[in-house]
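Inspection log for the structure reproduced underneath, given as structure tokens.
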Amino acid sequence: MTGSDSSMIPFMAEIVASTPLSADTSLFRLRLDQGIADYLPGQFFQLSVPAGGEFPVSPASAADGGGELEFCVRRVGQVTSHLHSLGPGGRVGLRGPFGNGFPVAEMAGAQILLLAGGLGIAPLRSLLHYILREPERYASVTLMYGAREPAAMLFRDELVALARQERFRLLLTVDFVRDEPVDGRVCTVGLLPALLRGVKVEPAATWAAICGPPPLYACLVAELASLGFADERIFISLERRMKCGVGHCCHCALGQLLCCSDGPVFRYSAIKGITGAI
Amino acid sequence: MRPFLPEERLGSLLALLGHWGEVYGPVTTGDGVTAFRPVSDPGQLRLEYRRTLIPPKRFLLPPRETILTYSPDAGYQPLDTAQPALVLFGLHPCDLQGIAYLDRVFLEGVVDTSYRRNRQALTIIGLSCEPDEFCFCGAAGADLPAGCDLFLQRTPAGFFVTAGTMKGEEICDRSAQLFTLRQPAGTTPWHHPLADAICRGCAAGETFPDNPLWDRFAERCLGCGACSACCPTCYCYDVLEQGGLDGQAAERLREWDNCLFKSHGEVAGGVNFRRSRRERLQYRFLHKYYGFGALRGVISCVGCGRCRAVCPVEIDLAALFEGEDHDRQ
Amino acid sequence: MIRPQLAIAGLTACFGCQLTLLNCEAELPDIADRFNFTYFPMGMSSPDITADFDAALVEGAVSTPCDLETLVTLRNRSRLLIAIGTCAIFGGVAAMCNEEPRSRLLRTVYGPAADGLASFNPAPLERFVTVDFAVTGCPPERGELLATLAALLRGTFPALPAYPVCLECRSRENACLLIERNEPCLGPVTRAGCNARCPAMAVHCEGCRGPVAEANVAAELELLIAKGVSREELVRRLRRFCPEWDYEQRA
Amino acid sequence: MSSVLKISPLTRVEGHGTVHVHFADGRFDRVELAFVEAPRLFEALLVGKRFDELPEIICRICSICSSVHRVTSLYAIEQAFGVEVNQQTELHRELIVNGGQIESHALHLFCLVLPDYYGLRGFADLATVAPGLLQAGLRLKAAGNLIQEMVGGRLIHPANLLIGGLGKPLTTAGLHRLRSALQEVLPVAADAIEQFASPLLAEVSLPFPSFMAVANRPSHSGGEIVCGNGSSFPIVDYRNRLTETIVPHSHAKQCTVSGESPTVGALARLNLGARLGPVAIASLNRHGQKLVGDGITANSLAQAVELLAAVERALEIVELLLAAPPTDCMQVAVTPCQGTGTAAMEAPRGTLIHHFAFDSRGICTATDIITPTAINQGAMERDLGLMARSLEGVDRQELARQLEMLVRAYDPCISCAVH
């Protein structure tokens, strides 16, 4: 899965399972026709739906040395809808992996704080799975995950089950709850930055990783800064329009950086001064 | 003493070049537009041309091209048809520099397979130029600009010939009988003040954030896209996929995109990272003078003057470098 | 693959959009093979408007109670409703004089007999129903119609150009009529996809594909007025295919 | 007890129409042919527009005959301002009108009428039942469209035809392409005629039509309109000869000439001695009997003959243009002045008349548009009545089928008729 041709020409994969996670989001498990799916958490692929088109998407799983990987995709437009219309057995293409993921080597030994908003859980779940495969390599992991409402919370059961592990702390929150009773609610109500304010962290010994909808970043970064986080210790996974994934098509620049090849995971200190970056 | 092609032997050279592919050169079309078109006799050539409307990038990155085909059996495949060989005759130094820049984008790092295929089909013959009021490149007068197989330095009686590549040498060898030897007259390197201003400005990292020109530009920019379409180093592209009527096959196309279009920074859900025209013009400015990604720090504007010539509302981003008084009516 | 049930209907229009489908001579046998033309009065007898449709392709503006009835029926019976052509999307030529009282226009043509006619200002489909997709053009391009049909086989829609005619015009290496000849070309504010057919013939764009997303209408007017075209003429030209422009719009 | 047989909508025709047959006590009473097309009011839309906008707008009356609408309006406007165009422009205009004729006739014959020969719903069924014939028809149609697209720049609503000249003339390469396309379909057009030689309609005796057509093709504004009874009148005099009346149940005005409902179109042209090329004449001679004797039921056959003639003439024009390749854009300067202009041409379905008045700035102050189907409306309704009466007692479904075929024989273009 390296070399220039595999960067430009999709290799084929089959949908082996698609599991609805919420009204508009499903988890697609793909099996490559050939080869091993190797990537780092935070990297992304260009996923092609034949006759539909291509879109950038980060795996929601961690590479496990096999030929399968998972994507958590929200149905928002043409191509994602087309993907959602395919069931198991459906054929798709993949190019990648592209870009820089989370610096997992650098993160080892420290406390990890994952901050996910909405669909931003996808790459952070990849990172979480990666970490929890060898949890002893990290001091601790905290995932704070905010969703719009309980029904939009992805992977809740899975996360709750994982939270039985000792080193993993899970905090879930929703923006609002509708009138209907929510059985077995395990989350608080409130916005993520507010939730963050009440948690105890050691900024100097912690790496923070953020992924979420664009408006979330500025608030979370400000909150982290006020908790004493250095800009170098904050990683942000950004989204931009992308067509090629390899630094050619020029849609995704922030300042002079390209989100696809210099990112999509950036150290906050590297993009701090760039207008419009977050 | 240097090899010299007397003017009257140009036709023989063109005929010989046919060996390396169909020869395209600058001509005036029926519309009165200067464009690279197939030429068979030197009478059609407009050797004194200033610039073509569309730069030679269209031979490398066509306005619209199929890049992949899909079929359920074979998956995605690149086009297997060979690209016919072409000789581009008479490219000015600015356009050569433009191609050299595109080569860096598409051939260094991740190689773009379609671009490589188109690039390999080209033989490039450069030609010296006479600047006009729109040009501001700093390279005119150079003996051998980068990126061409052969370069012709034009004089009233003919052309001094310099080979730039192995292929260029091969062409020289094969056409040796056409050349005489002559002592070159020293060419005076030519410098446009604007080119100097741009170099100085860029070196200082100027982005003129408070210049009132930005708002004036944003107000009247039509978003027509002509500036980028005609720029030899604008290469943004969009990718589309179209299914066949058989319900099985599909084609992936790419076409020129443009950072002045609203959709350029738009993602699903209506979020747009460059919502205003001002932001988009600034994006273009940043790309042209400061470069993105791997080409960060490389000025991509080659000074050909096309964007200044084709903008219907006379927007000229280079004017930002021209100092405070410009364009203040 | 699905075999879509189609409805193809014309409202207030010239039938050019439906004819464009029949003008796909090379593809017509394939199309006949892959779609059911359940309701297509122009092409097929025994039309059945009571069927359940996968898609309804509707041409024309709405200007009579009859048009409206057809439109609403098709909307209710069809999973997807696709507006084809400028009239269906913007109102089109029939709507160019919408600023004048309908009764006056009717009387100009029919005299006193006009009063018995049920006819109102032609309006786009979207004014009355939800439109899922639109293929613009007067007439639409064959290629775009075919791409839409091909996408329907897979239950999706194609990506069609949303940028101005100028981009296609420049890449065809046409002489710019606006710059070179000071002609009132509407290319900068008109949606592309036609490959700049008219400027390629040295005829300025009349704007038949309707406004581009985010047209800088105000700057286009200023530019042309500075070139000596009267505002009155420009407004008249702009209104030819789309009666509602925001002349102050810049972004 | 009265009842009504409603044929609604009329199918495989362009536009929205209905036929209502009224019965009283089981006996035929009367028939109403209604063109219920929504009026777009072109005659009102054009008022207030500058002269050069008219051709661009007026071609939108109808997609099938947009070319001939455009050309007719050019002649009318040029007449008003005393503009004359050169031979090359004339040839381009005639070429596109022939292209339109090929397209229109091929569409009507092969996609709309041919299914009746096989008792099918429409073209889509032909694709399986008679694929070869459908293909042949589509090839002819494509050739007509190729002409329209290459000359007009845009297939429907041509852009390239201007007052005083052309945007761009055809190139030599383009002419060569047209020549080979036309040469390929000439034999196809010749073969097609046999297919439409036998009439479809039940043998009902209908009155012999009173034909009308423009005397020469292409017609210039100075031309004449001729009638089957031998009379003729200058085009500019049309208002004194044609009477337009508003019919309560139809949105199209109905036309009469000295109290009679004329019939226009292919059959009328052939009966009134249209100029044909040798290949078309040969086939005309083979079927001449039917064409003069059978009345409207032979209109499809007449169209088939004309289809061949149009291919032949288009080829001739291509040769003429190749012999003297046009070099410039041939646009004559136009100075608007106060005046009126009238032009008539033969559209595929028959006589089309445009009339405009302009003020001194060239702003249009009045328009009048008379279209073939509006002219045919009266004869069509009359024949429908006669047929319904003769077929009294026939199964209603069969009656409806026959009546629809009769309408189709006239090849109505309802969007033109109502405009």
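Order as written gives the chain letters A, B, C and D; numbering starts at 1 within each chain.
Rule of thumb we're sticking to: contacts are C-beta pairs under 8 Å (C-beta built on N, C-alpha and C of every residue); 3 or more make two chains touch, one makes a residue touch a chain.
As the structure is a prediction and not an experimental result, all values here were calculated from the model.
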item: Lowest number of touching-chain links that must be crossed from chain A to chain D; value: 2
item: Whole-Å separation of chain centres (CA-atom averages), chain A against chain B; value: 39
item: Rounded Å distance between chain B and chain C, as computed from the means of their C-alpha atoms; value: 36
item: Centroid spacing, where centroids are CA-atom means, of chain C and chain D in whole angstrom; value: 24
item: Numbers and ranges of chain A residues touching at least 2 other chains; value: 51-53
item: Multi-partner residues of chain C (at least 2 other chains); value: 31, 150-151, 154, 159, 202
item: Residue numbers of chain B (touch at least two other chains); value: 240-244
item: All pairs of touching chains, each written as two labels joined by a dash; value: A-B, A-C, B-C, C-D
item: Complex contacts: residues of chain B adjacent to chain C; value: 29, 31-33, 35, 53-54, 58, 63-64, 219-226, 229-230, 240-248, 256, 258, 261-263, 276-277, 310, 312-313
item: Contact footprint of chain C on chain D as seen in their complex; value: 9-16, 36, 38-41, 43-45, 47, 49-50, 53, 56-57, 60-64, 66, 103, 107, 111-112, 115, 121-128, 131, 134-135, 138-139, 141-142, 145, 153-157, 159-160, 162, 167-168, 246, 248, 251, 329, 404, 415
item: Chain B partner contacts - residues on chain C that touch it in the complex; value: 1, 27, 30-31, 34, 146-147, 149-151, 153-154, 158-159, 162-164, 166-168, 170-171, 173-176, 178-180, 187-189, 202, 212-216, 219-220, 222-223, 250-251
item: Chain B - residues contacting chain A, complex; value: 67-68, 70, 72, 75-78, 105-106, 109-114, 235-244, 250, 252, 254, 257, 259, 264-269, 271, 273-274, 279, 283, 286-287, 290-294, 296-297
item: Complex contact set, residues of chain C against chain D; value: 10-17, 19-20, 22-23, 25-26, 28-29, 31-33, 35, 37, 40-47, 60, 63-64, 66-67, 92-94, 96-97, 104-106, 108-111, 113, 116-117, 119, 122, 138-139, 142, 194, 197-198, 200-203, 206, 208, 233, 236-237, 240
